[in-house]
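Since the structure comes first, as structure tokens, the remarks are kept for the end.
In this document, chain identifiers A, B and C correspond to the written order of the chains, with residue numbering beginning at 1 in each.
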Amino acid sequence: MRTGQPRLGSQNRIAAYFAAVVSDESVRECFAGPAAFPILPNKRVYFARNRGDGEDKEEVEAKVQALGVTATSKYMGEQWLVHVPGTHTRSATHHPQKNCVSNFVTFTTRHQATTTFIMVGPTASLAPLYRADGSSSYTCPATGYELLGAVNAPVELPARRDALKPEEATVEVFVKPGTTTAGVGERYVEGILRSVLATVILGREKGLPRRGVVITLAIVGGEDVERGDSYLTLLPALLHTSLLALLSATVPLSMTFSATLLGVTKSGIIIPDPSAADAKAMASLHALAFSSKGHLLLNESQGRFEFDTWEAVRQKALAICQNTAVSADGDVSMAEGAEGAPLHDFVRETVEDQVHRDYPWKIDAV
Amino acid sequence: MTTPLVLLPGEEVPSDHLPPTKNNNPLKLGPGLRLLSQPSTSAAAGHVLTATQAGLLTTDAKRNTVSLLSFSNRRYLPTTNDLIIAQIHHSSADYFHCMVTPHTAHALLGQLSFEGATKKTRPMLKQGELVYARVLSVGIGAGAEVELTCVNPATGKAEPGGLGPLVGGMVFDVSTGMAARLIRASSASPDQTDAVEGLVVLSELDKKLESVGGFEIAVGRNGKVWVDCSNAGDSAIQATVAIGRCLQQTDEGNLSTSEQKKLVSRILREMKIG
Amino acid sequence: MASATGAASHPVPPSLSLPPSQFARLQPHAYLLAHLSPPAASNQPSIRANGRASSQFRVTSANAGSLTHTNGSAVVRMGDTTSVCGVRAEILRTEDIASWSVSRTSNEASNKRRRLAELNEKPNEEDEDTAADDEEDRAHIEDLNLLVPNLSLSTGCAPGFTPGAPPSALAQSLSHQLLSLLHSTRLVRADDLRIWYQPPSLGPEELERHNDDEQMDVDPNPSGGVEDHKNREIKGFWVLYIDVMIISLAGNPFDAAWASVLAALRDTKLPRSWWDVDSEMILCSDNVSEASKLSLRGLPVASSFCVFEADAAAGWRAVVIPDAEEQKARSQKKGSQQRWILADPDGYEENLGQERICLVVDKEKGGKGKTVVLKMEKHGGWTVDTDDLRQLVDISARRWDEMKRILDQC
């Protein structure tokens, strides 16, 4: 599946989003959609500025110089194409009020101007906790959330009336907010998570019926969810954390999934992964999850929108999760084979990292 | 050999990764894999193997098995026929109540489930003593009891050898993945010269400790290793601790074969043995 | 299966037959499936066990203003699910809000910033409010918690609700859904909840202003309005406590609860209130004719659906799960139907399907404009996708017409 690719440690691999500020006249700022490619110092990248119709492109060559500092942006709504040789080309939309602390890379353009890239991609690790059967930690710099998930399965549940299904496992989800006790909002999001996860957990496999799969998700960092606020901004992070924790606990699953959050501005621009503060200014917000086989597992939309808008959002979300849409200029080099799915790849790479850590003797022998 | 293949749940095992099928020797599936049939409407009818867990696909052409190696630090779940090291918690009229894993219900070990045990000759095990036992049954559903035995019920013999109370020695905790690896390595043919499962730590220790009298080891699938060097005389305790440390550090560091060799000589030097 | 369909059409031999009610309890899945996919020979239409077509909602009735001691109330009954909602308004004085002076200034600053940021955006003509007003609206209602819905599932509303138990997870998540929907649809205007103080100005408008009995009304004269608004000061807010009680639960509590909230808010009247300078307190008029109704934004109507699959355990069978494309192709093939999307599921049907869809739609311009979606929620399964959702939006739009008629009459 993934052959010929040099393996990179997760600290070198930058998984998804990035934004750029170039002090040169031609390239000011850009924000890219998700892409899974490694960016290393002295690696060359190209920017192309796209003025909407896809024709008018202006190429700027840049070179990764060093890890740098933050950048904020002033312009919005411009379409950008970002291209790193040997990787996916992605269309990018500038993102307003991005203010995240993450990995940064500074580029020098052809015109000797300095470009700062903010590399923002989810990072995760498996099994950070020792006592739990499975656990994962997840950081999403785009939204600023840090989560810790733990799974215990199979466990004996207290004999409760609603927890005794004779033929399958009972899935329980607990969400613990960082600064307060769990309230009605957490009950609601727990219900959604439970119904999504129960569809992929094979609760009838050996050893699971009449037992429990208990998933505990703690919000360690990031903005608090206020009373009455939707949990939409947090849903993809919660879903990814619980999936990775389930994988780490080796709970049998029928398939995996990936989730993303998209916002639609009042002028109809679709923006991936808005932060909690940005989300409030959006006309509508959509959290979608797709299974590894392309099924729509979850949709949570709120705000004012028309159905056609949602269809566009769905298409974009599927592209982010699965990379089904090949970009128009055909510049996509699928170095990683048919499975060049950005967010899906993120799950896979996290698992691969852990497998390589656990079985170096096995892999080295091969 | 093919490149290492990491599978995620729901992904199919490519047919070129399977060992060649022999008619009279059916393929055996390890954990984490299941056989699914294609829906009847689909054009390519037939059976496919899919993963239900995330892990590294491994095949053994000799034994005609295919299995998925999952993450190694998982909790031990009793499975029938596993060899484990259990600690006696208390005893009742018919059973010894044993601890297999912490914070779980006790497993039951019949007072007479030992080689040659009768009402009069049964071992009188005290709290805290260890037994090397086999999982007889795990029961079904919530509240099911795990039953252990130290004897093959069919033959009345302690099969394989060594089942029964473990006297002396020390127990070390390792990950369940490491325990499974040690068992696989020990069941490989002894004349094999190169490292089995990437493990040379035991054969290295064997060579180095032969002079002081050798050692005895029992590995339980529940992540416990019992080590005994009572033949080593004065340096028995040092040698026991040294073996335990070697195993634990190999496990924690996921050491390569050369690192294992270095580790063994370093630890033995530190402990002034051999 | 034969006994269920057979009992309806022609007599069956008595030896092996069960009354339909017993069959329904013993084999609920097979019972509903037998109704939905009758044998081709029987010439019966596919119909749900409760006699409805798959996209048919239960008979709905609404009655507003039935509770006398509330500012607004409504009872909505959908089949056997009944929800009572009462709205109680209480005054929150700004001097009791600890962060009032601080948050007001920071809000203004953020509004300015936002307005700058939105310069580049295409202005949305259909939105009658400007973006800055929207933001202030949102900030007042959400940050000051002016809407406080609470839902309780009363003891005995369905089996399993015992007295003295803490609020169930269902009641808690429904409360959250109501609050979240009130916020995201921005149904209530903050302006209706504000209590203003207009210091007397020594201009010629003073006379005119005193005659104006609608204190919250925006002055039509733009220059005068600007002048007025400069000195106007918010002295308090109305806080709406929206209490919903499900007195009978037979499936689909959210639609009924939301409809009762909507009807109760439409019924809510707030007394005229003003800041009295002399006594330094907010006074209310007890004159009913002076009380004003809330002017709600649109009429969001919720409709919920549940998916019933012919093969209940398909996911567990040792069969490869078809990927999304294959599944689509298969469902388009004319054959025996594999799943049904049931509108407004009752308690019996809810137990038989995990996949749920909840849509909240509104129609612009009082029903003549296009349909907009305000909330779309789908989880618990993987069978429903774009095509189905598009159909469900159409069904929900029809349901909107029906609900508008019912709510207008009550």
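In the analysis below, contacts are C-beta pairs under 8 Å (C-beta built on N, C-alpha and C of every residue); 3 or more make two chains touch, one makes a residue touch a chain.
These figures come from a predicted structure and were not determined experimentally.
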Topology of the chain contact graph, where touching chains are joined (line, ring, star, complete, other): complete
Most central chain, Cα average position: A
Gap in Å, rounded to a whole number, between the CA centres of subunit B and subunit A: 37
Inter-chain centre distance, subunit A versus subunit C - centres from mean C-alpha coordinates, in Å: 31
Approximate Å spacing (C-alpha centroids) for the pair subunit B, subunit C: 57
Multi-partner residues of subunit A (each touching 2 or more other chains): 202, 254-255, 291, 293
Subunit B: positions in contact with at least two other chains: 10, 34
Per-residue multi-chain contacts in subunit C, two or more chains: 321-322
For the subunit B and subunit A complex, residues of the former touching the latter: 1-6, 8-11, 32, 34, 52-56, 58, 69-75, 77, 105, 138, 141-143, 177, 197-199, 254, 256-257
Partner subunit C, residues of subunit B touching it in the complex: 10, 34-39, 41-42, 48, 50
Subunit C to subunit A touching residues, read off their complex: 114, 117-118, 120-122, 124, 127, 131, 135, 138, 142, 145, 147, 160, 169, 172-173, 175-177, 179-185, 313, 315-316, 321-325, 327, 354, 356, 370-386, 389-390, 393
Residue ranges of subunit A touching subunit C (in the complex, touch as defined): 75-77, 96-97, 161, 168, 183-185, 187-188, 190-192, 195-196, 198-199, 202-204, 226-230, 254-255, 265-268, 280-281, 291, 293-307, 310-311, 314
Subunit B contact footprint on subunit C (complex, rising order): 318-322, 326, 330, 333
